[in-house]
Amino acid sequence: MHPTPTDGTRAGLADEFRRVRALTEHLCEPLAIEDYGLQVVPEASPPKWHLAHVSWFYETFLLMPSLDGYRPFDPRFAHLFNSYYEQTGSGFWPRAERGLLSRPRVEEVYDYRRHVDTAMLRLIECCDAERWPRVELRLRIGLNHEQQHQELLLTDIKRNLAHNPLRPAYRADLAAPAPGAPEPLNWVSFDGGLVEIGAGAEGFAYDNERPRHRVFLEPFALADRLVSNAEFLAFVEDGGYHDPAHWLSDGWARVRAEGWEAPLYWERVDGRWQTLTLGGMRPLDPAEPVCHLSYYEADAYASWAGKSLPTEAQWEHAAAGVALAGNFLDSGLLHPRPARGSGIRQLFGDLWEWTASAYLAYPGYRAPGGAIGEYNGKFMCNQMVLRGGSCVSSRDHLRLSYRNFFYPHERWQFKGFRLAEVE
Amino acid sequence: MHPTPTDGTRAGLADEFRRVRALTEHLCEPLAIEDYGLQVVPEASPPKWHLAHVSWFYETFLLMPSLDGYRPFDPRFAHLFNSYYEQTGSGFWPRAERGLLSRPRVEEVYDYRRHVDTAMLRLIECCDAERWPRVELRLRIGLNHEQQHQELLLTDIKRNLAHNPLRPAYRADLAAPAPGAPEPLNWVSFDGGLVEIGAGAEGFAYDNERPRHRVFLEPFALADRLVSNAEFLAFVEDGGYHDPAHWLSDGWARVRAEGWEAPLYWERVDGRWQTLTLGGMRPLDPAEPVCHLSYYEADAYASWAGKSLPTEAQWEHAAAGVALAGNFLDSGLLHPRPARGSGIRQLFGDLWEWTASAYLAYPGYRAPGGAIGEYNGKFMCNQMVLRGGSCVSSRDHLRLSYRNFFYPHERWQFKGFRLAEVE
Amino acid sequence: MHPTPTDGTRAGLADEFRRVRALTEHLCEPLAIEDYGLQVVPEASPPKWHLAHVSWFYETFLLMPSLDGYRPFDPRFAHLFNSYYEQTGSGFWPRAERGLLSRPRVEEVYDYRRHVDTAMLRLIECCDAERWPRVELRLRIGLNHEQQHQELLLTDIKRNLAHNPLRPAYRADLAAPAPGAPEPLNWVSFDGGLVEIGAGAEGFAYDNERPRHRVFLEPFALADRLVSNAEFLAFVEDGGYHDPAHWLSDGWARVRAEGWEAPLYWERVDGRWQTLTLGGMRPLDPAEPVCHLSYYEADAYASWAGKSLPTEAQWEHAAAGVALAGNFLDSGLLHPRPARGSGIRQLFGDLWEWTASAYLAYPGYRAPGGAIGEYNGKFMCNQMVLRGGSCVSSRDHLRLSYRNFFYPHERWQFKGFRLAEVE
Amino acid sequence: MHPTPTDGTRAGLADEFRRVRALTEHLCEPLAIEDYGLQVVPEASPPKWHLAHVSWFYETFLLMPSLDGYRPFDPRFAHLFNSYYEQTGSGFWPRAERGLLSRPRVEEVYDYRRHVDTAMLRLIECCDAERWPRVELRLRIGLNHEQQHQELLLTDIKRNLAHNPLRPAYRADLAAPAPGAPEPLNWVSFDGGLVEIGAGAEGFAYDNERPRHRVFLEPFALADRLVSNAEFLAFVEDGGYHDPAHWLSDGWARVRAEGWEAPLYWERVDGRWQTLTLGGMRPLDPAEPVCHLSYYEADAYASWAGKSLPTEAQWEHAAAGVALAGNFLDSGLLHPRPARGSGIRQLFGDLWEWTASAYLAYPGYRAPGGAIGEYNGKFMCNQMVLRGGSCVSSRDHLRLSYRNFFYPHERWQFKGFRLAEVE
């Protein structure tokens, strides 16, 4: 699957479109009809909503403005399946109530997808040359957008099923590796200095990765792998969740208000730690990277360990020479795996890494105009940057300069962290 | 359908059991799989939950204690499908989160029903004579319980679908009568005096209808029919929802907090009032009794009209000589119909009537012991009595002495009211 | 102090007015300036607010309509010191925010009282004969209203100071009797039958006590005294607050949500129960009537004890032949005292008694028109009736037919209960 | 007043201590006793609490550990007047309930201050040489801490009095300048490059200002003065508060949830804008810098104007060559004043300036150990940096490297902003 295909022909893009659309539906195959509408918390949207929303995106930003004579599948869907675009004029159904709609039915949502698919392929084929550059750019955004929702589809399914005391698995057939011990953690040093980060002018990138710009870094070191379950368990067993000395003030308030005792999905059953995966409950593997934790927990661990988290500039500088490879959605594991080998690793794939950087504009950043400009810029407050992709990200969706962002308390994504140190 | 069959044989009861069970499933036939899990407000449970809960009731109060060797379909269901019985030991899944469970799937819930059906019929057939009296009593309670949930099934489906802006109908094939003008309202006088109300010792009745006892009534008069949409509209158009002078203090607070402007399901579309029914949106019929309102609205209207609401003793005394007939679930209309004819009417069926009586124990009332004793007694606070049944109640579920009860702000049941006056 | 003086002359009423006004201020003498503005929960208003509100009542219902040329002290006070009268046109400052006003200062509120006092005495003296009957009636209502607020002043001071971990006493000089054992509890039987309750047409009474009417009572028995701390402690120690079997459903929800373990103001210090009084912390006296509990707790105790609570009709019938005497505000104890002597006692004074009756209109009740009609009628929903007055009620404020009412969860008034039984 | 006195002798410090303590009390002189306990929102603490809390700080961090034989004024005050230090062992009274304590009385809090003053002066005089360096450092922190609370005292008094519809002024005698037109806004360019920011190793600074470190800046320009009321009014009148296109997502949510239509304290009276000051209501002066707005509003304005906000590094670099002078608390105006003159100005004083920088650790930052280490580090999440001090900051409390921080929605401090641009 290649949303940024090398040949760049319309036929190549049409092919890409078909593959991205098919993967979304493939990911839904293990679901029961009953699972499609489920939303147990505001942030974890129902699968049905994701299926429809990514289609609405093409309809709104491509078909309506650029395909002459296009008629929307159902004009009322604009209101139901807009996520947060204030400027499209439709308004949007409240995020927290996406699970309160039994209609359109699942089958109707798949009909909607078919309707959009047909029109999109016609647009790709028939669009005149004048309009094509804008169509092509928006199509690439649309494909990347759908890939982001493929990741959310899986994280949201995990979250929504986890609420059920019957503990249903998304896929009962996933292979579970034998638990083991983590490899030793080593440190890798970097000189820092005046470095460049961000996406250059060429190629596809989101607006928030630009402009490429210079940053000065003091000498620093990074851990060569993610923090493991074994290491995080030592923090838990040292009373880490009960000692405010380690925590940010807002983090401690959250620990108390929500009764956190361990990362999300950890459960102590008969005195032994287990964790919920997309393949069901499993014993906690000490060697695996610790997963599903908030920025607050990552920061508290770092504080307890006398270290810090990397900034996004440190991370990007360190990752600049590393091959963009790892345990992505493409591996089919749907779960992080233990670090193996040597040298700095797990920078890409396995888990998104919390950085110590707030999600803010790069110097000289300007959000694009219009509703599509709401994609990234309007979230530049109160969130922290994560880097590197996860075991449920598509490899070809990622870039070295890719900036993900979440609120510091959020835990339901596949997130972990790596230690850093300024010398 | 006769939950209290006249022959009283086991075969008759088995037959009755089959008919009640079948009706529940019949009511679900128009549903899509997606509708079964829907719950948009805490009080309106998903159809799937009702289907399972009524089965759990038999399992818990009949099969587990009285059928030797019975094995529950899934022991975890006790927690999921208990409604509020604190003393069964299972605890219960939070009421507000009944819609947050995509599993068991609909098909599995029907399997659960089959499992319980088979065991119940064996119990009815094979129960020894010593245990039979208690089994028979609990079976009658179980059948009545399921009938109550048949009504809730319909009111909850209406409520849950109404939240959807696509305005789906539960059944698009329901006949809608032509709107008309209401018949004139007349008053019927009663002498009162020392009268008796409540269920006597014979026959099936809920505990809260007993003991039968004497009540003194001042002379009073009742309206001969329910208040109509036309009459209630006059209150609305007179600014009734904007003048605190008519309202109880708690009612006015509710009007303000929730922005009430009319009864539930009334909508003003292009300057004309419409109302949502189980058959979809319809123009408001002036002749129909006004429906889906809270006690606060009924009381405010009565206050505005210079009248009052009947007490439950007045109502029962007035209804004592009237045939228990009317527009029940059995008519298939699933909606109230205009009063026709003469004399006091609509006492039974069409709509539950709010009374001016708080739901409290009759003198000498004692709740039965054990978990089944939680059925009625523990709700004797903060609720008001409603009488007479509705267009979604089974006729043979009703009795003259039947006491329904809801919180004064609740509107989603089929409720209306009748005016009264003490002379 | 006699708000319903026997001579009935204007001079007598002026005298009465002076005495009621002086008592309010006398009750505030032990307060620090800092205490006057305190409100820790919405229901417990600050002393400053009570001082001003009762004055606003005279200003609004007597001086503005009936004293020619009267100029309000500050026209903005109408908004600040109206409690809940929707029809006066001023609106009202939110109840929960009465403690958020540091101005007017305490001294200014006393100036406001002086201003109203002067005008009121002029009105009483100079009102023409035509207006006098209405003025006289409203004056009596105003005096009774201020007496009610004298009781609230003390209950609210107790509640507000109790929030402070320094545990300040309202009056450190109150005598505390030596703890003792309760006298044995005996039962008194009543034949019931057709009896009359409510206030007759003569003399001052609130609208909600009328009309006097007939009620039929089954034979019943009442305990001859209030339930004691010793008896209630047995319920606590039997795990009463941890067993849902005893509780109304709404009561159990409240127990869980608020973590109730004992009546309000009970505290276990070093393994021994203490209770907060207006004179500070004291060891719990087993002989004293149990105090500061909700309807839910009274009902749960009765259920645990296999008894019930009296209805208001039972109570009034039983109290009809008993002298209206007991431990009122006039005793200066500001706390209930143990039952002493024999025969049915503690019906009046000591503690308001929760009844099993919802606060509803008597047959044929009509609320008076206009804003003053909001005094009682608009609260006839969701509350329960209490009878008999308390140790912080003025004796001459009470009547046999007096109906007090509170929400079933409220505990901060001086409330207890007596057991009943229908035979 | 000089908390960092040049002579550095103990006598100098004792003098400094006396002056800081006296200023706090001087600022309270205009208050009524009733004002001392007022808290209308959780973030605006009562004056009484500030008076006691700053004293508790000396008691906890200086007197208890370092003055032999010191006995606390009242050991229970540790719980009442600790703000948020989790590691002192006392716990702390909930921030939102600081206004719910009428005791200790104001007079007792002043007695507490006297008690601490006496002991502190003894400690300064008698501390042995070995302990002195730590005592001296903590004393400087304590004095700076009290200065911070002097500013909060004024912002909180403003906030708390503003809730009162009587609109009381803190000081009715403040001079109000005549409204005028703002001077033209000009831009000042900076080359950027590799610059240094932060506090060096010498002299007093908070931990969060260190270490001094290098930052690379692209060329940029800053406006030469703060944005004026006239300019911000153009945004308001252009519908700025009603167009989501300008707003951060979290900002727009806040605008909607709280109904913002203009900066805090702006009020439209009879069609003309007024604003509340510590001297009472005044007509809005077009020339004054706009004040009391959130980061969201500053950012929305910048977005509307096609500009941005400065980062803290840009700000500090630009301010490095500018004299630390301006309109501080020392001027006695207690309100910002219009920019006058030429060149870049208003960098110091008038209003804290929102920057585009999140409040995060400088590279290599380490929080000090123990409870006093909770002063700054634990707040490094979810807040934005403000720079430059305000009209209610003491001039000698400020430094070029001083970092203030607040949540982006908070408005009650004296905050404004300046536009920036990256070229």
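For clarity, chains are labelled A, B, C and D in written order, and residue numbers in each chain start from 1.
In this section, a residue touches a chain if its C-beta (ideal position, glycine included) is under 8 Å from a C-beta of that chain, and two chains touch if they have at least 3 such contacts.
Nothing here was measured: the structure is a model prediction, and the numbers come from that model.
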- Can you list every chain in contact with both subunit A and subunit B? none
- Note on the structure: In terms of mean CA position, the chain most removed from subunit C is A
- Item | Intercentroid distance (Cα basis), subunit D paired with subunit B, Å | 60
- Query: Which integer distance in Å separates the CA centroid of subunit B from that of subunit C?
  - Reply: 38
- Task: Please work out the Cα centroid separation of subunit C and subunit D, and write it as a whole number of Å.
- Result: 47
- Message: Where in subunit D do residues touch at least two different other chains?
- Response: none
- Could you draw the chains as nodes, link the ones that touch, and say if you get a line, ring, star, complete or other? ring
- Query: So which chains end up touching which?
  - Reply: A-B, A-D, B-C, C-D
- Item | Touching residues (chain side subunit D, partner subunit C) in the complex | 32-38, 40, 76, 79-80, 93, 97, 99-106, 160-161, 163-166, 168
- Task: Would you mind writing out the residues of subunit C in touch with subunit B in their complex?
- Result: 84, 86-87, 194, 213-218, 220, 244-245, 247-252, 295-296, 299, 308, 311, 356-358, 360-361, 363-364, 374, 378-382, 408, 422
